[in-house]
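Below, subunit A partners subunit B and then partners subunit C, in two separate complexes.
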Partner chain A sequence: MPRRSQRRAARREAIFAWTLVAPVILWLGATLVYPLVSSLALSVENVRIIGSAGRFVGLDNYLSILSASAFWLALARSVVWVVGNAVVQTVLAMAAALILEQTFPGVRVARTWIVVTWIVPTIVIVIVWRWLLSTSGGMINPLLIGLGVINEPVGFFSTATSAMTSLVLINSWRWFPFIAVMLLAGLQRIPADLYEAAAIDGASRFARFRRITLPLLEPALFVLTVIGTLLSFNVFDIVWLITGGGPADATTTLPILIYRTAFKGYRLSEAAAMSVVAMLLLMGLAMLAVRTLAPREEGG
Partner chain B sequence: MLRRSLLTAGALALALLASGLAQADPVQIRLWHMEQPPQRVARVQQLIDEFNKANPDIVVKQEPQNWGEVYAKAPAAIAAGNAPDILFAIPDFTTVIKGLGALESVKDFTDKLDKQHHFIPATLRPYAYDGGVWAVPLYNMAISMWYRKSVFAKAGLTPPQTWSDWKKDAETLTKAGLYGAGLPANKHLYTDQTVYAVLVNDDAAELFNDDGSLRFNNPKTVEAYSFYKDIYKFSAPDATNWTWGEAEACFDSGKCGTVLQFTVISTYNAQGGDPADLGVVAVPHADGLKDSNTISYSNAAMILAKDPAKRQAAEKFISFILEPANYGRFLNMEPGLFLPATEDGAKAESFWSDPLAVKYKAQIETMIANSQHGMLFGFTKDKVMSSIGAISAQNIIAETLQRIVAGGAAPADAVAAGQKEMEAAAK
Partner chain C sequence: MRRGLGVNLALAGGLAFLAVVALLPFWWVISSSIKATNEIVSTTPTMIPHSFTLEHFAKLLTSSDYPRFLINSLAVSAASMAATVVLAVLSGYAFFRLRFAGRDFLYRAILLAYAFPAIVVLVPLYGMMSAARLIDNLFALVIVNVTFAVPFAIWMMRAFLAAVPLEIEEAARLDGASRLTILWRIIVPLIAPGIASVAIFAFISSWTEYLFASVLIQSDANKTIPVGLAGIIGQYQVDWGLMLAGATITTLPVVVLFFFIGRYFVAGLTAGAIK
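Right, the complex of A and B next:
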């Protein structure tokens, strides 16, 4: 084929490719890039109430938030929240996936129904858990008293530690089935003959889990760690609806602080600056995870 | 010639048609309110339908919102030129909208309505400042203390009038296996309200000095918080997470000896409670004082419409609502909660004829009497500081309490920190 025709064909192909991806690019531009640019612009102004005018203040908002202890405390609580959720969810999900990988009567039903907590709307989960943990008619306190675990009703959201712990457990209860299903898919891809060979060689159950299951699940665990961290960090609804960031700010994570600053404190530009910092932190974290945690290509 | 005549006739016909269409075009009024429960929306719709039928030149349409979002949504709608024509409000929300320059005084209109219906002063006061009136009072809500007469009788108690009585009653009821004082400590508007109900009963109602500076950090405020801390010991352990619903559930389930609430009538009645056993009194006052006060929320309607025809139509609709024949039905969209803002409304047959109002007449009369002594933080003077919107929205009054009961801070330190937060919010 002459070079000219080759170039023409390549151009046609490029135009076709751009035509295919253009809607996605436009969509992302409208829903992602525009809000991001708007946030950046807002963060260097001094807008207080949404819709009101502001003037350019440079990096004042960034200096203000970075010098405020409230921002760093909220960030620290976000770290506790993310790590707590990651640990609890991974342990629960791994256990659930290992159980669901077995063959027993009703396993198909169990594999389907495990996702129920994941598909139930957040507000329903909040109402259910607030009621269960309530001291006025809730079931958990009488149950724990009946079992002799506690002597009198306790407030699960009344102290800093118990509030954060309760929230982590509720959020993990909601999300671990999603991770379990992903891990189950990973488990089912591990060839059975690897386990058989290891068993013949005398490897214990734990050794098989450590030497076969975990390494071969590494790609799935990596993806779940990165996505889970990003998703957990940004969780707002459950925390806001259950504790509102209390008691005494003990569960005020960064998303809660951003919301409060924008819509309760009427400092929209400061909230935008916090959002930009949070976005940069998450991007940095994701890049770090890709560099350090990503499974290495074999023979690479 | 014929052609010109035809053209002229055609143009005339079009002009007539256009003017006819213009005349037929009713004035559209968009009403935003935050009374979302279905029965309230249905009652408002019923009144709108009656109004629209009686006024074919006006079409009112309701668009229910929720309080959680409207603080952000309304300013955005105003900025986008898509504001509703009537927007329901509580006093601090009005300062936010006024701060955006979206309000014109409705003093002439409220003066006219006052002559007709006589506003209860406590309902108009929070909207009358800076030389104008910024919203039309529609209904009032005031915190009272609720208890069961049989429980008090069994424990040998009488309803408390002073803080000493309250503490003694709470101790006795707690020993009897109840939560003696159902009080919240959440960082939430409900806690702002109960704390302020205690503050106003210790001469600590004022947040601001006359010059606009904050006076939250003063000995009376510290004393009131100390008392709240003492009596909070007799509340439920999960009260750091309570909103109105949890407190009501505690009372309805019989676990709370007393609660501070706007009302418990609706749920109490739904659970088959005996009206004769439901007691309500004013919030107890500090021992040195003579009378009780309370916090009251006068809810009102702001007119955002700029177009004179729309403003006139909005005023006509609000006048229709405040007519005694309609007003009681409007208030009874939630019977036993919304109290009259006008004197003739408080006597209206349409208000007292509701089956629940008949059943709980004694309690509602006490609620109305309590509401006459209502105050609201930041709205106790002729001048209102615009910062009260941010102070209220951030629940700093409640947060101060949380520092004490959940964070372990001394009341004096927590109040000092609260004042600092208020000052930061006011910047």
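Right, the complex of A and C next:
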């Protein structure tokens, strides 16, 4: 008897739970899963503009994008973009997290407001940096000249290398505080007595960082790197609104190429095929990372 | 642990550097929005304004479409925020407080959606919206914004829900309260800081959204701030005074929101990061 009523209670709990999650599941199903499937369907047709009927063309779109250099070049730029961002962001975030872990007057305010670059809308960031880096009134050129780094004003978005570098720095500037806050949470979980014991044993600050902080932070760093990679691959607006993919396609990453193919070149099916390839690559990469590089959890 | 003088100096230097990197660009922009145009584009920039004018703000608010963009953005962000909060609270409660078959699988699938490349569904979503006659309609933006905010919002609810003791719910159940009553009367007030941080996250991500707004909205009358301002930049010679005033006003709502609930928001971020 009690067991039966228990089972009934469990079933009622499950029904209630499903009622609560149903709206989210339906919402995401309609706006993510269904579009994903129709993306696959679109990629084997030859639709050029939305609403027009397409004909089944098999793998033609895949063959044509994979045999054109535009796709591979954009993919290579995406790799440069993702790796550049990962390196710059992680280093800056680690430094910021180590600083914010200390106690000093105003530390709570600092720990909150550090994320200010992340809460400000992208369009504002675009305006800020387009202006600061511009040659008419921008602050950065005079600043660098004053510091003796450069002799005359440079166009930060005028050459392939400088445009990509500037964009990586701007995007990293936007995202590093967010990662720093996450890393700070990881740092605060490391028991203080570990450091104290090491200090008593005469370990230097650097040795403590290498032998205690880094290994214990590894799981958090790993998760952040994987998520950060996916998120920075997705970045579209900062690149599009600052360089538009230029100069001469030097900053045309995959999202930019897909957007242009679909909405400027009106080749929707080709754009869909690129999206599918991009997603397979990302998923494969993420899975590979989780399988082979994930740090083992030790004891909990 | 005690710190030596050298470490303290390094810390102060690091802090100063962080403050400069994070805040100086904003100071330049905000302080320059009240400078006269010739000072803004001068080749010898000034840290502190030498001139004072509100003409850029006046121009932005009276002779550009900015006020309309602002109203559209406020409407879209408020609606996206409300829908995200409701969905995240309901499903968060189910994910973190109830047992049901398929729970872990669904939760993981939703987490996966957080890092999902939006560009992949841009084309098909555009097709769906056009079939549903929602192109150039602000509702389309709300639908999309919720999709991309809700996975992270659910994740943020986790730590806040885990902090509510189970005994409180059990006691209420013994008193005969229904599950919905418990959720609404007991859980919701206890996780108010979590709800605040989810709300600010949803508002911010909607406030900043450009990609979908740029293809789903077509008329000037329905543009949100990111698309509207980007359109103004694109026109002929950039009017930097106007843009700086636009940047300042666009930053204001999120900074004000953050001033009041930023503490909870960062707590939500870090609490979620702890297992």
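A few notes on this one:
Just so we're on the same page, the second predicted complex is superposed on the first by the 274 of 300 C-alpha atoms of A that agree within 3 Å, B and C clash if a C-alpha of one lies under 4 Å from a C-alpha of the other, contacts with A are read in each partner's own complex, and residues count from 1 in each chain.
To be clear about the criterion, a contact is a pair of C-beta atoms (placed from the backbone, for glycine too) under 8 Å apart; a residue touches a chain by one contact, two chains touch by 3 or more.
Because the structure is predicted, anything quoted here is derived from the model rather than measured.
Model built by superposing both complexes on subunit A: subunit B and subunit C clash. In the overlay built on the shared chain, the residue A:73 is in contact with neither subunit B nor subunit C. Put subunit B and subunit C next to each other and count what each touches on subunit A; the higher total goes to C.
By the touch criterion defined above, A:212 reaches neither subunit B nor subunit C. In the superposed model, A:266 makes contact with subunit B only, not with subunit C. Residue contacts after overlaying the shared chain place A:159 against subunit B, while subunit C stays out of touching range. Judged by the touch definition given at the top, the superposed model places A:190 against neither subunit B nor subunit C. Of the two partner chains, subunit B and subunit C are each touched by A:50. In the superposed pair of complexes, A:281 makes contact with neither subunit B nor subunit C.
Look at A:169: by the touch rule set out above, it reaches neither subunit B nor subunit C.
Judged by the touch definition given at the top, the superposed model places A:136 against both subunit B and subunit C.
After superposition on chain A, the subunit C segment that clashes with subunit B is 59-67; the remaining candidates among 59-67, 77-85 or 149-157 show no clashing C-alpha atoms. Residues 50-51, 130, 134, 136-137, 262-263 of subunit A contact both subunit B in one complex and subunit C in the other.
Contacts from subunit C toward subunit A in the complex involve residues 1, 3, 7, 11, 14-15, 18, 21-23, 25-26, 28-29, 32, 40-45, 87-88, 90-91, 93-95, 98-101, 103, 106, 110, 113-128, 130, 143-144, 146-147, 150-151, 154, 179, 204, 207-208, 210-211, 215, 225-226, 229-230, 233, 238, 240, 243-244, 246-247, 250-251, 254-255, 258, 262-263, 265-266, 269-271, 273-274. Those residues of subunit A lying in contact with subunit B across their complex are 49-52, 130, 133-137, 152-160, 163, 242-250, 260, 262-266.
Interface residues of subunit B facing subunit A in the complex, by the touch rule stated above, are 71-72, 75-76, 78-80, 96, 99-100, 179, 185-188, 236-241, 246, 249-250, 253, 255-256, 389-390, 393-395, 399, 402-403, 406-407, 425. Here subunit A touches subunit C in the complex through residues 10, 13-14, 16-18, 20-21, 23-25, 27-28, 31-32, 34-36, 38-39, 42, 50-51, 95-96, 99, 102, 104, 108, 110-117, 119-124, 126-132, 134, 136-139, 142, 173, 177-178, 181-182, 184-186, 188-189, 192, 195-196, 199, 205, 220, 227, 230-231, 233-234, 236-237, 240-241, 254-255, 258-259, 262-263, 268, 271-272, 275-276, 278-279, 282, 286, going by the rule given at the top.
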